[in-house]
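The chains carry the letters A, B, C and D, assigned in the order they are written, with residues numbered from 1 in each.
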Amino acid sequence: MPGTPTLRTPFLIVNPKAYLGGAETLQLALLTEELAAHYDIDVIFTAQHAYLVEVAKHTTRLLITAQHMDAITPGRGMGHTLPEALVEAGAKAVVLNHAEFPLTLAQLDATMRRAEEVGMATIVCADTERQCRAVAQLGPTVMICEPTASIGTGTMDAGDYIERTTRAVKEVDPSILVIQAAGVTTGADITRVLRLGADGSGGTSGIVAAPDWRVVLVDMLSALAAFRDAPTH
Amino acid sequence: MPGTPTLRTPFLIVNPKAYLGGAETLQLALLTEELAAHYDIDVIFTAQHAYLVEVAKHTTRLLITAQHMDAITPGRGMGHTLPEALVEAGAKAVVLNHAEFPLTLAQLDATMRRAEEVGMATIVCADTERQCRAVAQLGPTVMICEPTASIGTGTMDAGDYIERTTRAVKEVDPSILVIQAAGVTTGADITRVLRLGADGSGGTSGIVAAPDWRVVLVDMLSALAAFRDAPTH
Amino acid sequence: MPGTPTLRTPFLIVNPKAYLGGAETLQLALLTEELAAHYDIDVIFTAQHAYLVEVAKHTTRLLITAQHMDAITPGRGMGHTLPEALVEAGAKAVVLNHAEFPLTLAQLDATMRRAEEVGMATIVCADTERQCRAVAQLGPTVMICEPTASIGTGTMDAGDYIERTTRAVKEVDPSILVIQAAGVTTGADITRVLRLGADGSGGTSGIVAAPDWRVVLVDMLSALAAFRDAPTH
Amino acid sequence: MPGTPTLRTPFLIVNPKAYLGGAETLQLALLTEELAAHYDIDVIFTAQHAYLVEVAKHTTRLLITAQHMDAITPGRGMGHTLPEALVEAGAKAVVLNHAEFPLTLAQLDATMRRAEEVGMATIVCADTERQCRAVAQLGPTVMICEPTASIGTGTMDAGDYIERTTRAVKEVDPSILVIQAAGVTTGADITRVLRLGADGSGGTSGIVAAPDWRVVLVDMLSALAAFRDAPTH
């Protein structure tokens, strides 16, 4: 996979889904970029397809990431998203198989292969431990292990989900980076998931719905930087 | 539906689907705009979501049209396309229920209502005469009547499909504009469908796969202008 | 459509969905048959595909109805339901486009045409008034107008949904029979929807979850018989 | 998984999909049972849901198998297939994720867990080597490794697909039984796939479209018996 982007760990994911308008998305991207530079932390930043061009044009450090794409090749495919179009818009990665956009196993595999062809990193979601192991077999760059029932709740898993699924992925392929972000809303939450083995964390509603984006991003990025600098504490 | 865009008939649709890269799409849009101005013909021009911003920024006369969108409202909806995002990118209309992206009846209805809320025109596809009548009941701005089996063949329907489905739509609601474009590749094809009652025509492969875009666009636009100026001949 | 079954109005629908085992379904069918004979009321009775043979073998008066089928013809179609298989099992009708199994417009049309080919009546669901008008254009035998949000709530629509959607269907095609059953749990509820124009009513949870099936079926069937015998009261 | 059925290897799969009517399906089942007894070979026999009861009633040796089911529990789920209904009809196993009915990874996992709850064996299909490894992580009883492009062609893979995917599955979990049946139409084809590591084989069109079912079944079953009795030759 020559050209596939790489990420330094631990990293942040900022995933505004469909919460923000284009101007707000750009504003969040610029703020994230400023703070990511300050803390020297890599960031996966997703955006609606229609916003990608503007975010890519005005930032340089973020891993610009599409929220979905299809396995089509240039030609037909009305209404479907051509991977090459996202690359041309500036995307370097794509999230696939999110609980809000589940794919068949065959579609997921085909779309991941298209991502490789166009040089995009793949960030693939999975729910149960078995699903995490299954997705790990498909060769993603990054995985988001996320118990579907927790999405958007602001409450982290109280059991052993985080260490169990992180370990499961690494057993299948230790090179896959694992994001644990379900219910994460603070820097302390991020420190907890990193201690349990995750390579990255972040969020959606925990960030976009915060009263002050800067406050929450500083909280999260400083937790990531502190763990990077002293992971054993 | 205040703010819904209007179209003067007869009009052209240029629908490059996923055939073109972003730079090529913009080039086709600029050429279409130049020729549309010359012939004073309205044009529906579609693009991949990621290209909409650029096409909208550099053109003024085209009805910038998305190739799909979802019925979501701001919030969750990872991987789905927010109507407000398309509007902010410059889209004024959206194609729905294309044979390559069929929707459930409930989704189609919900997405059309979202389009009304954000002031976008809806261009809805249907196959059989019954499906055309059904879609007409949902209140689209424009319909594309298209026998699914003919898409991309370059061969027009040899029977009475064109007049029959156009009449069916108008019987349900005479204000709906009807596009007949299946198999259309020349100005003569366009003249034929306009004589049979269509309000507009155009194409995908008939345009993007032509050896010289200017030649085919001139052929089509001059046919539209000639029909407009002397519809009975 | 020679051979399509007919229904005398007003009629009952008993739709156990996936609530009951096969033995319970057969028991409910036999009880329904006994009471339907007593009140001389026609009944649409649905069952899981795997139960159809047994229900059809042991009853004679019920309109045995499948809960879904696919538009496939004999051949491939692993996991999909062949219309001919349902007919051979004894089904005379099929429910399509239920909110729990929504179909694309093209699939719905194709499946209805297959139903005609094999001589099955179609009972097609729709939600909003626009969707009701759209489905009516496809030529169903019976429609179930049902606001999706009310399914399984035991609460009837408090506004004008019932008369408005019934009238909408009849305006498109007066020969279509209309079921209004959302939130219906008693004979009084059935009387109300019949007075508002419906041709039939019945339910799922209102029947299968009732403490005594006989009590609720007698209540519903006697309301239907009373309305039939004196519709103006 | 107490109660999950077991299979002696090598075994046959007879999968008539939607090719046959109910009476023909029963006839094929009875013939298969007679010949399976003669050769003492275990057989997976699938049928349309509506035919399961009759096939189960009239046979004793076949592993009666549904062609799909849904992850629903008793309750709602109009049009979906309740696992308990299939068990009550006599099914002991279910095929999932066939190329003609692909499932999302989350649905597939959930349906496999439901199968375990009701004591059914799972026979899960996969296409590429990566998909085979992914499905193996979900814990199926049996897998059908099948290059989607070969289905129904009557032509076997000319490369190393068979040994490569069989080995991939066994590496993940050696207890999973592997069917290789794409393009298999003769006993010689079956011998070839068994020699390459498969535990079972069989077919659809290779059997149901054969001019004489008895001839093709004898050919296949005798090849299975010969391999069982002298696997190294």
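Keep in mind that, in the parts below, a residue touches a chain if its C-beta (ideal position, glycine included) is under 8 Å from a C-beta of that chain, and two chains touch if they have at least 3 such contacts.
Computed from a prediction, not measured in an experiment: that's the story for all the values here.
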item	value
Shortest chain-hopping distance from chain B out to chain D	2
Contact-richer chain pair [B-C vs A-B]	A-B
Proportion of interface numbers common to chain A and chain D (over half same, under half different)	same
Between chain A and chain B, centroid-to-centroid distance (C-alpha), Å	35
Whole-Å gap separating chain B and chain C, where each centre is the average of the chain's CA atoms	38
Residues of chain D touching at least two other chains	99
Chain contact graph, described as a line, ring, star, complete graph or other shape	ring
Every chain pair in contact, whichever chains are involved	A-B, A-D, B-C, C-D
Residues of chain D that touch chain A when the two form their complex	97, 99, 102-109, 126-128, 130-131, 133-139, 148, 172
Residues of chain A that touch chain B when the two form their complex	15, 17-23, 48-54, 67-68, 72, 74-82, 84-86, 88-89, 91, 95, 98-101, 151-152, 204
